[in-house]
Every structure is written in C-alpha cells, then in structure tokens.
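Just passing along the structure, written as structure tokens.
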Amino acid sequence: MDPNEVEFLGEKQLVSIVPNFNFDMIHLISGSIGPFRAGLPVKIPIWLAINLKQQHKCRIIGQEWMDVEDLKNIKEEEKKSKVFTKMPSNHYMDEVHMLLGAASDDIPNADEIRTAVKDIWDIRMSKLRTSINAFLKSEGTHAKLDHLTAMEINNVRPLLPHALDQMVRLQQIGQASATADSREESQNMSSI
Amino acid sequence: MEEVDEVVEENAEFLEESDEDGGVTAQSVLQDIENAWLNEKFAPEILPHQSDAVECMLQQISHMEDNMKSLGKGSMKSLIHQMEINRIRFIISSYLRCRLEKIEQYAMHILTEEAQRGREDGYLSSDELRFAKDYLSSIELLFRTLALQHMPNVLQKFEIETMTVKPNIHAHVFLRANKRITGIIVPGTVDEEVDFEEGSQHIVQYSAVADLVKNGDIQLI
Amino acid sequence: MSLCSSYKPNYFSIDDILATEERLSCKVLQKVPRLGFMDHSSESKDLKPGTKLELSFWLAYSMNKSKDPIASIDIPKYYKESYREILNADACAIELSKWNTYFYEFGLHVAKFDHPDCEKLPELLLKTFKSRFRLVMDWAQNQDTNPMIASQLPMLERTIFLSGRKSKEQLVYWFKIGGGGIKTTELIANHKKRKRSTFIENER
Amino acid sequence: MFGRRGVELVKELDQSLDSIPPFNEELITEILEEMQRLYNENRIDVNTRPDDHETYLSIKVRHAVLKRDKRCILAYLYNRLRRIRQMRWEFGSILPPEITVSLSKPEVQWFDSYSKCLATYMKSIGDNHGLNLTSDLAPPKSLFIEVKCIADYGKFEFGDGESVQLKKNTYHLLPRSECEQLVRQDGCVLLSPRSLTVNCKRHCERKDQETKRESLSACRSL
C-alpha cells in the first residue's frame, strides 16, 4: 500500500477547527458535520479541515496529544519499554504530517512536535526491525503486533510478510511442490 | 436554495433515519465498502463480491451529483459534497480494480472454483464473471493462434491442471480482530492454537483466518 | 499493478524457468538410442552409459526421477556438506549470487532428487535465509544503500530487497513532500526516457 | 543442445523488464520446428520399435524437451500479454505506434479485445453511468490541482463545456477529475512535480503565492 493511501485513511480522523463562518449542519454520507458557528470549535474530518484551512475559512486546533511535553514523555516511555507502547492515535505519523503541513501557523511549537514525533518513529522502527529479526529466527509462525500503528505496519510491508512467505515455502519443500516440473513425472507417457 | 439543499441530503438523511428500524445507513454501507476494500487489497485470494453495497453507494453518489447541479457551482456546500464523493469514488474504483487484477491473474483458478459454487453464493458479480470468461478465452485464443495450433497434436492442449495460476493462500497478512476469537489453528511445524482478543493485531498466514475474514470477524489491515 | 504478492513459481514464471535452467553434473546410466548428440564431445549416434553431461535441471530431473533412471546426478558443490560449514560460519559474508543467482530456487528444485546430500538441503536453505534476512532488511531500509547491491543477492532475496526498498522510497517521498500528486506511471516514464534517448541518437 | 532456444526466448523478456521487446517470431518458429522434429522422431520410434526399452528412454527424453519448449513459448506469450495489459491501463485504449511495432498482429488484436472486455465491464458498474476504473488511481487530495504546461496544448475543454487555453509555461488550477488522465499520459501537458506538490499538498510556499495568483486567474478557484 502506498503511504498516500494510509494517509487517506488517516484523513478520516476528526480534528477540531474554529471556523470563521456560519453554516448549518451538512449531512455527508460518512456522517453529519456542523453546524458551524464563527469562533466556536467544531470537530470535522481532517480532509475537510485541511481544505477549509486552504481556503482560509478556519483555524485548525491540533490534536490534544500534539503537545511537546506529552510527546517527550511518550518518547521516554517508548525508550524504556521493551514492547511497543500505545500511541495516542493509530495514525499519529500521518496526522502530524498532514496537520503540521497545512497549519503549522495554527499549531504552537510545530517544529518541536515534528522532531519529537520523528524521534518516536525512529525508536519504534528500530525496535520493530530488531523484533522482526528475532521473530524470524524463532520457530514462530504467528506474531502479535499490538499498538503498531497504520503507517508503521505499512512500512514493513511487504518485507516482513514476504520473508515469512518464503520461509514457509522453504519449510514446505520435501512435501508437495508447486512447480510444473514436479508434475512432469505423473503426466502420462501414453500421450506420446 | 434551502430546498435544494434538502434534496441533496435527502438520501443521506433518509438512510440515516431508516437506521432506527435496524436497517442500513449510508454511513454503514460506506464503512462496509471501505472494509471490503482493505480486505480485498490484502487478501491473497478473491473475496465474495459486495456489489449490492457498491451499487447502492454509486446510486447514492449519482443522486447527490444530480441534485448538486441545482445547488450552484462553487458553493461551499456543493464543494464539500464533491470532495466526499471523490473520496468514495476512489475507494470504490480501487476496490474494483483490485478485484479485476486478481480475476486476471487467477482467471482459471477463480473460474474453476466459481463453477463449484451456486449462483447465489458466487464470489464474482455477474459482470465480473463475464469479464473473467472473456479474459480467459481471449488468452486461450492468442495461445492457440500464435503457438498451440502449430504444435504437435498431443501438445496442443491448454492444460488446466499445470497452467492454473493459484493465489498463495499461505501468504502472511496483518489483521485486527473485530471480536474475541478463540482456537485459531496456525499452521507450522507444529500446529499452534491461538486466541485473538478483541481489537488485537496480528500477523499470520491467511489460510488460518480466511473464513473469519469472509464473515467479518477479522479485518485485514 | 497494485497487487503485491510474494514470489511463488507457476507455469508461466520467468524466474522459475530460469532457475530450472541451472545445470547439474549427470552421468548416463543406460543407453539412449539416437540421442548421442547430447554429448558434444562424442561422435556416437547413441548416448552411451558412463557419459558425463552437464544438464539443465528440468532435463536432468526427468532423466533421473524415475524407478528406472536414465542418468544419475551429482548436486552442485555449494549445496554440499563442505560448503555448509562456510555458510554456518558467516552466511552474510558470502556473495551468494556468485554461487548461484538462483541459490534458493535452484536449491528447492535440487532438493527433489533422491540423493543423500539433498536431505539436509531444505534445512540449509532455510537457515541461510534466516541468518541473512537482517542484512537484506537493513539494506532495504537504509536509504544510503547502493541499489546496485541488489545484484549481489540471489534472486529470492533480491525480490524481497527490491520490494522493501520500493516501499522505503515511497515513504521517504511521502515524508518529504507528501502525497496527492499524480505521478507519471513507471511504464510511461520509461517509455519517455527511451524515446528521448532514441531522439538523441538520431540527432547525432 | 536441444531446449536451448526456449530459454533464450524467455531470457529476452527477463532482460527488458520495463518494456516490451519486439515479438521474436523467428525464434518461436525455430522452436516450433524443433518440436515438430522431435515429435516426428518419437512417432517413428513408437511405430518401428514399440516394445524396445531403450527406445522408450529416447522417447521420454524427447518428450521432456517438447514440454519444456511448450512451457517456454507459452510463458513468453503470457508474460508479454501481462505487459500489454498493463499498457491498456497506463496508455489508454490507443497504443503508441512505437509499441505497436513490437507486437505481433494477434497481440494487437488481443489488446483490442482486452480493451473491449474492460470497457464492457466498466460500463456495467453502477446503474447507468458506469465507472471509469482507469482514473482515480491515487487518493484524492483536493478538488483542484495545479498544472504547469510544458508544451502548447491548445484548448482544453472541461466536462461542463467550459474551456481554458493551455500555453507553454503557464500555470493552471484545473479540476483534478478532468486532468488526471491528461497528466498521467504523455499528453502535451506535464506537471512540473514541484508545482504539483505546491498545490495539492497543502505546503504552499508563500514566496510563490504572488506569481501564482496571476496565472491562476484563468481558472476557477475554490
């Protein structure tokens, strides 16, 4: 899957904005949004928030967890913990990327937030590589991946599943084999 | 203007209301399609079609677009609706494209399996089935024209048995359990039995969870 | 195409055809009339018992795998006991593609022979794959890796490396500028590149 | 050695992964001739020495070669078809002439029939409108995207009848749905990647704003 598609899924997440216009409720297929009252915060999907922002129709209030201190704590936790800690959002990486990209003027400490999130990502990715390696060397055939977020999972795809697929192939040999040549023998000579 | 607005949203609202009687909402149909899209993207084999949901959603979209024409171009409201429609259209196209790719790649296999299923529980929609048949016969024709007919008699056969390309159902997939599931057998050197907690994420061979993906207990991610 | 399935051979796969083209040393066990030309060094009309031949796997297999084999085979040295020690010592230090581009694939085929050396072969392949995976993964995930390194990997590892690398590149691109762009697809981009180069050649 | 030409054919495809090499009719004909010859030899052997064990071995070897030859030819054709198929999705229903010359006549016919199958299927989606699956390839990001013309394209008409003149080195804000195809294909218009990113990616670079505002006047804006 392309990272853009992961981001596309992340765009469904809601974010608070402060509109500078008044408008009634809009009934979208994915759910109703609004009403919009100038100056009053309202939650809408990120895809819409970014478009309204581009049109200078709103100010984006970042997600609650987009706070430098909170993120630094998360980073420390992640460093200490052997397993993956729970992230504030399944799309934390793409949300930061999108919201800070579109509204760094609205969200305080944008650069520090970006750095902190990148650090968290790096710690988690190196943890992931180590655990993948350990997993492959074990005899395991199934792994639990709790708290891994959408973009992180996507980043080890197709590497991890493909490697496991090949290991299964290598293991299965000796049993039935799938290629045409192996069937050669069973094919009747009578056809000649 | 108000009236037109209402017309545009009539459908969405109508469906929303029907939810109270336990029916489906446009919102839930959309979620179903999105889930089907992701499952189709990640599952190695082709999954049962969802053409009812797709048709319903496309109808919804085309009504909305018709009604939007009277809304006035460039109005904020129509632009917002248009943006959402584009998102939905992308999901549907990507979903159907993904199915077409599988149909082409595994045409022979899929048609063989499909022949063993009843018309009611076929995995392909009738239009997909026609596409699959046309596609396969066009390949057969080309093979015949350029090669098979020039080969010695005994070798002219289009050998279904050897030539069928099959999906690798032992491919590994990422998944999330939609509910608690117990006793999943994970194949391996020693078959292992595992339980999935609700909301937990795993990587496992598709063959171990194929049925659970099809009945909605498991979402591929 | 968006489907991204792992490599698995089928009747039409080019890689499988090439892997089964790899050769083995064979010794003819029975007289095969009128096929003497299979041995280039001989003028004989028939293929005689005792003749040594280098045959592609697909042919060697059909001549060997039977109750009444026409030829015996010897498996390549890098699948044998002596080489096993080199692999056990440090599998990552070896440029496996030099041994054989289809090290794993060919190995999987060779393992089908009834030959004492073949018994431990699948285990050897699996072990080698496991101990080298970290290397392949790190190469794929590291932006600075020279893409030419792919040629040092045997086919199976190479496909994994290349697909891992592609997703890494997509991520880096996304980090940098993000999505939303409509890119010219690879095919068209290549097509243009070629057009341009023909154009330049014509000008000369 | 027999069976060598088959693999030569397959190697040709392997060596040009991103394109489609000229259809090698000559080599295919040679392989087909080899097949006929082997088959005839087998037939003669069967007829003249039906119960001879040694003869049976020769037949067996030749038969293995016959099967290999068949596999190589079909794999060659099959993999070419997959590439030709891909071109339908990327170039549209009309192939560039430089590609057509590399195809055999039956392959060109196959392309047309594939195109037709696909069109029939796409028309069947939805109640009456159909759905063009060859567009909407990437997730939508905004309704309009900015394009830079790299050549004089001339008049570009929108679905609703309005139009815009696309001149070389001008910037335009076009409805995404309308120009996606135009951009992806090698029409006369290609987005410079930067300007594309500037717009669709909400990373507007302020310094560019002024120049852009002028050039965008020709088109609608949000």
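Every chain is named by a letter (A, B, C and D) in the order it is written, and numbering of its residues begins at 1.
Just so we're on the same page, a contact is a pair of C-beta atoms (placed from the backbone, for glycine too) under 8 Å apart; a residue touches a chain by one contact, two chains touch by 3 or more.
Chain labels with UniProt names: A = DNA replication complex GINS protein PSF2; B = DNA replication complex GINS protein SLD5; C = DNA replication complex GINS protein PSF3; D = DNA replication complex GINS protein PSF1.
Remember, predicted model here, so these are calculated numbers, not experimental data.
Colleague: Quickly list, by label, the chains bordering both chain B and chain D.
Modeller: Touches both chain B and chain D: A, C.
Colleague: Looking at A-C and B-C, which one has the bigger number of contacting C-beta pairs?
Modeller: By the number of C-beta pairs in contact, the winner is A-C.
Colleague: Select the chain at the greatest separation from chain D, using centres from the mean of Cα atoms.
Modeller: Looking at centroid distances, A is the chain farthest away.
Colleague: Compute the distance, rounded to whole Å, between the mean C-alpha positions of chain B and chain C.
Modeller: Measuring from centre to centre gives 34 Å for this pair.
Colleague: Using mean C-alpha positions as chain centres, tell me how far chain A is from chain B in Å, no decimals.
Modeller: 22
Colleague: Roughly how many whole angstrom separate the Cα centroids of chain C and chain D?
Modeller: That pair's centroid distance is 26 Å.
Colleague: So which bits of chain C are touching at least two other chains?
Modeller: In chain C, 1, 6, 8, 10-12, 58, 62, 178-180 touch at least two other chains.
Colleague: What parts of chain B, by residue number, touch at least two of the other chains?
Modeller: Residue numbers touching two or more other chains: 41, 83, 87, 90, 94, 97, 154, 162-163, 168, 171.
Colleague: Enumerate the residues of chain A that touch no fewer than two other chains.
Modeller: 2, 4-5, 7-8, 51, 98, 101, 157, 161-162, 165, 171, 180, 184, 187, 192
Colleague: Considering only the defined contacts, which chain B positions touch chain A in the complex?
Modeller: 5, 9, 12-13, 16, 26-27, 30, 41, 57, 60-61, 64, 76-77, 80-81, 83-84, 87-88, 90, 94, 154, 161-162, 168, 170-174, 186-189, 192, 194, 200-205, 208, 221
Colleague: In the complex formed with chain C, which residues of chain B make contact?
Modeller: It comes out as residues 41, 44, 94, 97-98, 101-102, 105, 162-168, 171.
Colleague: Going by the contact rule at the top, pick out the chain D residues touching chain C in the complex.
Modeller: 1-3, 7, 10-11, 13-14, 18-19, 41, 45, 54-55, 57-58, 60-62, 64-65, 68, 71-72, 74-75, 78-79, 86-87, 90-91, 96, 98-99, 137-139, 141-142, 145, 180, 183-186, 190-191, 193, 196-197, 200-201, 203
Colleague: Quick check: in the complex, which residue numbers of chain A touch chain C?
Modeller: 2-4, 7-8, 97-98, 101, 125, 129, 132-133, 136-137, 154-155, 157-159, 161-163, 165-167, 169-171, 173-174, 177-182, 184-185
Colleague: Quick one: which bits of chain D touch chain A in the complex? Just the residue numbers, please.
Modeller: Touching chain A: residues 42, 46, 56, 59-60, 63-64, 67, 71, 138-139, 142-143, 201-204, 222 of chain D.
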